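Several structures are given next for inspection.
What follows is a pair of complexes built around chain A, which joins chain B in one and chain C in the other.
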Partner chain A sequence: MMRHDLIVIGAGPAGLSAAIEAARLGMDVAVFDENARPGGQLFKQIHKFFGSKEHHAKERGFRIGEDLLADAEKLGVAVHLNATVMGIYEGREVLVKHEDETVHAKADAIIIATGAAENMIPFTGWDKPGVIGAGAAQALMNLQGVMPGKRILMVGSGNVGLVVSFQLLQAGCEVAAVIDAAPRIGGYGVHAAKVARTGVPFYTRHTVVEALGKDRVEGAVIAEVDDHFQPIPGTEKTLDVDTICIAVGLSPMSQLADTAGCDLVLDRKRGGTVPVIDEYGETSVPNVYCAGDAAGIEEASTAMILGRISAIRAAEKAGFLGAAEFTARADEYAASLSKLRRGMFAPQNKGRTDMTETDEGYPLSKSLLAHGFLEPNEVSAFPCATVHEVGVHPVIECTQNIPCNPCQDACRFGCITVGDDIVKLPVIDETKRCTGCGMCVASCSGQAIFLVDEAYEPGYASVGIPYEFVPVPKAGARGHALNRAGAPICDAEVVSVKYTKAMDKTVLLTMKVPAEFASEARFYRD
Partner chain B sequence: MRIKQHPIIDDYGKGAQISFTLDGKPMVGYEGDSIAAALHAAGIMTHRYTAKRHTPRGVFCCIGRCTDCVMIVNGQPNVRTCITPLEEGMEVQTQYGVVNREQWEADHQ
Partner chain C sequence: MAKIIRRAPETAFVPQPDDDLIICRCEEVTKGDIRRVVHAGLSTTNEVKRWLRCGMGLCQGQTCQRNFQGIIARELGVSPADIGRITGRSPVRPATITTFAHEVTEQKEA
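Let's look at the complex of A and B:
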């Protein structure tokens, strides 16, 4: 029997954060994870995260994972891998299958941070090789360096479907379409927009009805759905794909809370059956906590804070943290959390379809929700996207209230302000000078900032875009500018390619286009 | 197919090329590959055939949860190939039910 002050189950963002926090307070912590590698799903996440600096915004997920592991190692946190916790029993005793043996461990407190499992939808042929989960696509391309397929249908337009679609494009795959049975795109508009501008079509109110092929996927049949999500006969379309990728949501893995005897509740806003918890993540079983996606589906950035909150509570109860210090930290973490739990994608707004305008009162783009891109007349409703001054200046196509503010910190000249409420849309100060450095472009996790100079040369404008593909075109290259819908609209010449270490692999690619396309050209292709 | 160049990831941490066999045929992969990744890179999609309806299965979740990708590895059936590291000289076999093809055919004569 191993004895510890705290047992953490799961070495993902919530679990590692909890373990680090507790170890810093002097607790003896053991972490068990069933996987061969720690980090949960963080190492698959190669995109820049949202939030503000305190939430690791604009850092790529796998870097956050590396930092967490380094902290855990420095503090001597014991992370047991290939260690599957099979149950939690009376007296906070856990049974762990480690390699070929079974061991018992006990602690004063347990934090369940087991994360989530992918949802699936059954359809004809869904068991064929070539139908994979979105997480599988990420594991193959981002961890193993193997392309999941050549041409992919993405089923689901939540943030996972959108982010993975973009990552598939980065890995060199084609994405034939992103479909969703809902009437609107589920994830962030900026994530959809960066996929749409490369030419990927979005089909909302569509589902996949069949995977074609004998021994593997050789095509997909999609169809429009009615108001009850049933396919409408006669609307079928066949797509030439070799892979169907499923990204239809996540469900909390709350089984261990069940074995511990915790009260459970079916809560759709939290993604399924979850333990009943208090503000510190403590379940109905004293000293058993649940943090991160296992307690309700959210982002990794919230999971990291939730892990810390449960850890300080456990530390306080066990005498490792004084009451005053606990209250101060708890308040600080609660404030940090509440910054992220705001805006139209916050958990309390999950499933809402009645929002028609931003907090500022600007009309939400209908096209962005239906097709993944802003229509020109919709863009013009947003001041941050339509500044017209002499010389280069940022155009920020940020049109939904998402908790994020790295653009504000990126500009050394104070051009961009988001303010304390980080879900607010950025405001551009036209009196401040823009030098065209591109730091704001690279800092925007949504890749929604462009640098435009309407009077670059007589008759020509320059448009600087975030570019995260290879090969990077060289200055002097000639090709086409694509509009927000991914359609070629005019000839374009690459006039500069800027990349610095601080831009963290987001290249500022500046192209010259005929002046009349300055507010339309948003992507470049050879 | 392997990704030759990636805009964000510089290094997948792969080591030397290693040899293994699939149903007796020589194959190559790299240190750091999972068995499934090496097979996927070589275009192999079918890992097994189901016992009842004899339909093909391959990689599905790729995190060791769904067990769709299991194969016979060094004589041991039901090995989750997506989370099992590839090793030099491994003998990987397509799994038919819970046995290999020869056994399956002998059992179904």
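Let's look at the complex of A and C:
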């Protein structure tokens, strides 16, 4: 029997953060993860994260995972891989399957940070090869380097569906459509916009009714749904796809909490069946905690803080942390958490459809919610998206209140401000001179910043866009500019391609377009 | 856990066009199988699992539970919260008997 001060189950962002925090306080911590590599969901995330610096914003997910792992190693935390916890027994004993052996371990406290599993929806033919979860698509692309298919239908427009759609495009797949049964796109507008501007159509109020094909997916039938989410006969459309990717939400993995005897509750806002927990994540079984997606589906940024909160509570109870220091830290973490749990996508606003304005009082774009892009007349309502300074200047098409501020930190010249409340929309200070360095473009997690010079040459404007595809077009290349909806609108010439290491794989691609398209051209294609 | 409400379907079993839709892939249980046992008198998630084996395959209900719970609840006209869920038991993942036979009882680490 192995004995520890703390056992953490799951080496995702919640578990690793909990382990690091506890180890720093002097606790002897063991982490078990059933995967062959640590990091949980983070190791599949190749995009830049939201939040602010304290939440690792603008870092790519897998880098956050690497950093957490390095910290854990430095502190001597034992991270056991290929180690599946099979059950939690009385007296905080766990049974671990490691390779082909079973091992027992015991601790004064246990933190369950097992994350979540993907939901599936049954439809005719859903059990055919070619119907896969978004997580599987990500693992294939980003871990194994394999394209999941050639033409994909994405079912689900939450952040997972949007992020994975973009990654599929980056991997060289075609995305035939993103559909959602809800009347509006579920994820961040900026995530939807970067998919839409490449030409991917969005169909809200649509579901998949059949996977066609004999032995594998050879097509998909989608249909419009009524107010009760039932397909409306006669509205069917057939899409020529070889893969149907399902991203319809996640369910917390609560079985281990069940084996420990924790009270569970079915809570739709938290994503399914979850343990009843207090403000520190402690379950109804004393000294057994639950943190991260296992306690309620949220984000890696919140999971990291929740893991730490449970860890300091366990440390305090076991005498590794004084009461005053505990309270100070708990308050600090609670404040950090509440910065993230704000805005139109915050957990408390889940499912709300009555929001029509931003906190600033600007009308929310209906087109962004329905089709994934802003209509020109909607853009004009946002001051940060309609700057017309002389010379090159940023144009920021970030129009929903989301917890995010890397754009502010990126500009050394003070051109962009978000302020203390990080869900506020960025504000551009036109009195500050923009040098065109491109750091804001590269740092924006939503790829929502463009650099525009309306008078680049007589009759021509230049538009700088974030570009994350390979091969990167070379200066001098000629092609087309696409608008926000992904439709080609005019000829374009690439005039410069800027990249520095600090831009972390986001290239600033500047194209020259006829001056009248300066406020429409938002993507480039050869 | 919330209290389980025992109910019987209010109408007789009426076949539906998608009754042959597979709900539990691991154990190949269809929507019709589930609806029929509910009409035969089963009314909780656990009972249906024990009778049909849905949720007892490789995924241990991770993929299918949510869906078959929904079918039972709809058939009974109750909320999924009212019919309970599969009890989480050790081992929460499938394992071979060999693994259990290789039980390490001595402390390996210092």
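In this section, the second predicted complex is superposed on the first by the 526 of 526 C-alpha atoms of A that agree within 3 Å, B and C clash if a C-alpha of one lies under 4 Å from a C-alpha of the other, contacts with A are read in each partner's own complex, and residues count from 1 in each chain.
Here is the rule we use: contacts are C-beta pairs under 8 Å (C-beta built on N, C-alpha and C of every residue); 3 or more make two chains touch, one makes a residue touch a chain.
From a predicted model like this one, the values you see are computed outputs, not experimental measurements.
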Superposition on chain A - do chain B and chain C clash or fit: fit
Which of chain B and chain C A:Ala117 touches, first, second, both or neither: both
Which superposed partner A:Lys237 touches (first chain B, second chain C, both, neither): neither
First, second, both or neither for A:Asp127, with chain B first and chain C second: both
Contacts of A:Ser251 with chain B and chain C, given as first, second, both or neither: second
Touched partner set for A:Lys317, first chain B, second chain C, both or neither: neither
Partner chain in contact with A:Glu468 - chain B first, chain C second, else both or neither: first
Which of chain B and chain C A:Arg341 touches, first, second, both or neither: neither
Which of chain B and chain C A:Arg433 touches, first, second, both or neither: neither
Chain B versus chain C as contact partner of A:Gly172, first or second or both or neither: first
After fitting on chain A: smallest Cα gap, chain B-chain C, Å: 5
Overlap of the chain B and chain C footprints on chain A, listed as residue numbers: 34, 117-118, 127
Contact footprint of chain B on chain A as seen in their complex: 34-36, 46, 60, 117-118, 127-133, 135-136, 139-148, 150, 170-172, 215-216, 468-472, 505
Interfacial residue positions of chain C with respect to chain A in the complex: 1-2, 18, 21-23, 25, 31, 60, 62-64, 66-67, 80-81, 85, 87-93, 95-96, 98-100, 102-105, 107-109
Residues of chain A that touch chain C when the two form their complex: 1-2, 34, 84-89, 95, 97, 100-104, 117-124, 126-127, 251, 253-259, 263-266, 272-273
Contact set on chain B toward chain A in their complex: 1-9, 12, 14, 33-34, 37, 40-41, 45-47, 55-65, 68, 82-83, 85
